[in-house]
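Letters A, B, C and D mark the chains as written, and numbering starts fresh at 1 in each.
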Amino acid sequence: MGNIKFSVEFSGGLQDLFGQKKIPIPSDKNEDQIQLPKLLPGESLKLKHVIDGLAAKLKGRNAKLKLFVQGDKGFYEVTPGILVLINDSDWELEGEYEYEIQSGDQVLFVSTLHGG
Amino acid sequence: MGNIKFSVEFSGGLQDLFGQKKIPIPSDKNEDQIQLPKLLPGESLKLKHVIDGLAAKLKGRNAKLKLFVQGDKGFYEVTPGILVLINDSDWELEGEYEYEIQSGDQVLFVSTLHGG
Amino acid sequence: PSAPRWPLDKSEYKRYGRQLIMPEIGLQGQLRLKNASVLIVGVGGLGCPAAAYLVGAGVGILGLIDGDTVEESNLHRQILHSTGRVGMTKVDSARIALNSLNPNVKLVAHTSHLTPESAIRILQLYDIILDCTDTPASRYLISDTCVLLGKPLVSASALRTEGQLMVLNNPPLRAGDSRGGPCYRCVFPKPPPPESVVTCGDGGILGPVVGVMGILQALEAIKLLTRNAQPPLTSEPMLAQPSDPPSLLIFSAYANPMFRSIRLRTRKPKCAACSAQASVTAKALESGSLDYVQFCGTVNPVDAL
Amino acid sequence: PSAPRWPLDKSEYKRYGRQLIMPEIGLQGQLRLKNASVLIVGVGGLGCPAAAYLVGAGVGILGLIDGDTVEESNLHRQILHSTGRVGMTKVDSARIALNSLNPNVKLVAHTSHLTPESAIRILQLYDIILDCTDTPASRYLISDTCVLLGKPLVSASALRTEGQLMVLNNPPLRAGDSRGGPCYRCVFPKPPPPESVVTCGDGGILGPVVGVMGILQALEAIKLLTRNAQPPLTSEPMLAQPSDPPSLLIFSAYANPMFRSIRLRTRKPKCAACSAQASVTAKALESGSLDYVQFCGTVNPVDAL
């Protein structure tokens, strides 16, 4: 995946799923590493690959997995109620699953809260 | 000053002195332009030059000028009670008056508030 | 409300003097507040501070909706209530506190939970709605009704150490007008799976976290009501100035920085509520054919729609 | 206070249950709060919401200092007071409201303004100090006293549509220890020229702006008091975990984004209060030789030190 460095963050309770608020990618810690596809020269890393990689970390823990992703149409869909933000902008402004990750990007998954 | 583009912002009441919250430098508007020294090749623009330029805009309005800068030891000193922040860090961490402005910098002057 | 023509009386100048003298409010802004009616749906951790600061600021009419009674476990964060009023309806308890703070504000009590059948009838009485509720079902119902009635909606929520704030349907243009602000369904087209919904009862809540969010709701309401107060009044105060771009404020008490602002999308072209092909209609709502509880699903019975 | 050994009683589990169940607080954190004493200096726009949420959260002892009486012009933002209590001392008015919210908290009244002569005697009774005052002179006095006594200080201020928040002297190490957090003099070595100091009376203040800052003070106090509540208690709770780096939170109600966090400097090597060569001593303070009003200068008489 070349030299792309970016980070994934969680808020609104999702941090409990992954055990932390922020994961730098690539990570210093082995246990935080997420599996990303091997890219061919010229191929770009997309947000859907990152979501797949994060989902893989929840494999085997089905109740938790469903809080993050759902369905199985070739690739996972983010569970309703979760906002995905790329550099503090709604991902709908940026291309959603097909967004091409840039070095320095901050991807934030926010679960909507309902309490009051 | 070459191609350096940066911005100066005001908070805590200082925005009233300059009539606005944020001035891009160089500015699109003539009246917002501030006077910066002509630099020799290799010479760098420092924060003190920016402060001088901002002070020059308040010339002739002595009461206002004193709310921004004081004294006259070769160059102006920022009035006590004003924090100067460079890219969201206290300027004491960055070299104060001698800080060399970089393109993209955000300089923020915050007047401390006392109300409660 | 139409443009007011009478000035304030002497005690009002005294009471509101500290906000009147600011250019952002001014006399026109104070008159706007006095002629405004605001509805607070949910008089809990968000609704209590929101109501206190709106009543303090001198809105003309404040409506309060809640079907619950005060419990001891509310008191760490629901600061309008009191130990002596445990067991009283939240609406009545709040009225006592609010009336003693500022007797000039007319308080309107709605002491049962909002339902699809009652929503239009109640919300249409108010200029701005504050969603201070605590379930997905109520959030969709309130948002849909605000879109149908053309009311701006200030929505907040909080859980554990985090809070979220959005100003929705602002400007509140008719369904299909893409210049209108996004609604709750634009941001969250599908409800979350019921098993992912954590209540304050289950997950806990830190008092100042929900308190900050509630006060920020009062602030956004005051900003909306007093916009363009300085230029001459127009017949469409909500439209005269461009609105702030839609955004989500995220508060996280233990993060650094604590606050983060996120740019949100505009109206969704196929939104079920605010697009040209909206399926949410006043008729469907009032007939009861939109079942919000079923739409959102349940794990536990929903106890606070 | 030393580590508590007794658990909570049944009604306390009920009252504080929603915060107790959070890992950030837990039973140990609730006991920390119960054994803590917090002082609020200034029971105005900041002090009212700060006090309400600290009392709600169940701190053991809350001290209130203020020499003023309630005025009608306070009520738009000072939500613990009420129209019927105009003319009463702010401290007594606040005690009535706070006691009805949570009778378990011991309230201590100090019904005159803080002076250099009284500051050490009063502040030493408390674990954490909240500066909710409104003049530069009081801010220097409180900060100096906190440094002398080794108390963390949560300082906030607000004017018009803006607010500022800092946690100072955190960790509260002795003067000369560079690992301690900066004090007010580190950040502002010299007072502002008196003609630049605008009061809420002159400049105005929007209620929710000062309200948000006051609630955030309560939050920071709760965070400080419950730090390390989950690991086994140590004898130095304030030092066991690294503190957040010193920062200034700037709130601007009409800016976008509304909140901004600024990294502050560490302790100033020549600070008059917290460095090895500090000139501010307990003796100088108590003898009255430090004249804060003169140090800060006056344009109008200072009416609220």
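Points to keep in mind about this one:
Methods note: a residue touches a chain if its C-beta (ideal position, glycine included) is under 8 Å from a C-beta of that chain, and two chains touch if they have at least 3 such contacts.
Protein identities per chain, from UniProt: A, B = Ubiquitin-related modifier 1.
Keep in mind the model is a prediction, meaning the values are calculated, not measured.
Think of each touching pair as a link: the shortest run of links from subunit B (Ubiquitin-related modifier 1) to subunit C has 2 of them.
As a whole-number value, the distance joining the C-alpha centres of subunit B (Ubiquitin-related modifier 1) and subunit D reads 32 Å.
With each centre defined as the average position of its C-alpha atoms, the distance from subunit A (Ubiquitin-related modifier 1) to subunit B (Ubiquitin-related modifier 1) rounds to 41 Å.
Residue positions of subunit D touching 2 or more other chains: 160, 200, 203, 205, 260-261. Of all possible chain pairs, those that touch are A-C, B-D, C-D. Across the interface of their complex, subunit A (Ubiquitin-related modifier 1) is touched by residues 42, 44-47, 131-136, 139, 156-160, 162-164, 187-193, 195-200, 203, 205, 210, 248, 250, 252, 255, 260-265, 268 of subunit C.
On the side of subunit D, the complex with subunit C involves touching residues 11, 14-22, 24-25, 49, 52-53, 56-58, 72-73, 75-77, 79, 81-84, 100-103, 160-161, 200-201, 203-209, 211-212, 215-216, 218-219, 222-223, 244-245, 247, 249, 253-254, 256-261. The part of subunit B (Ubiquitin-related modifier 1) that touches subunit D in the complex is made up of residues 11-13, 21, 63, 66-67, 70, 79-83, 85, 88-90, 92-93, 108, 110-116.
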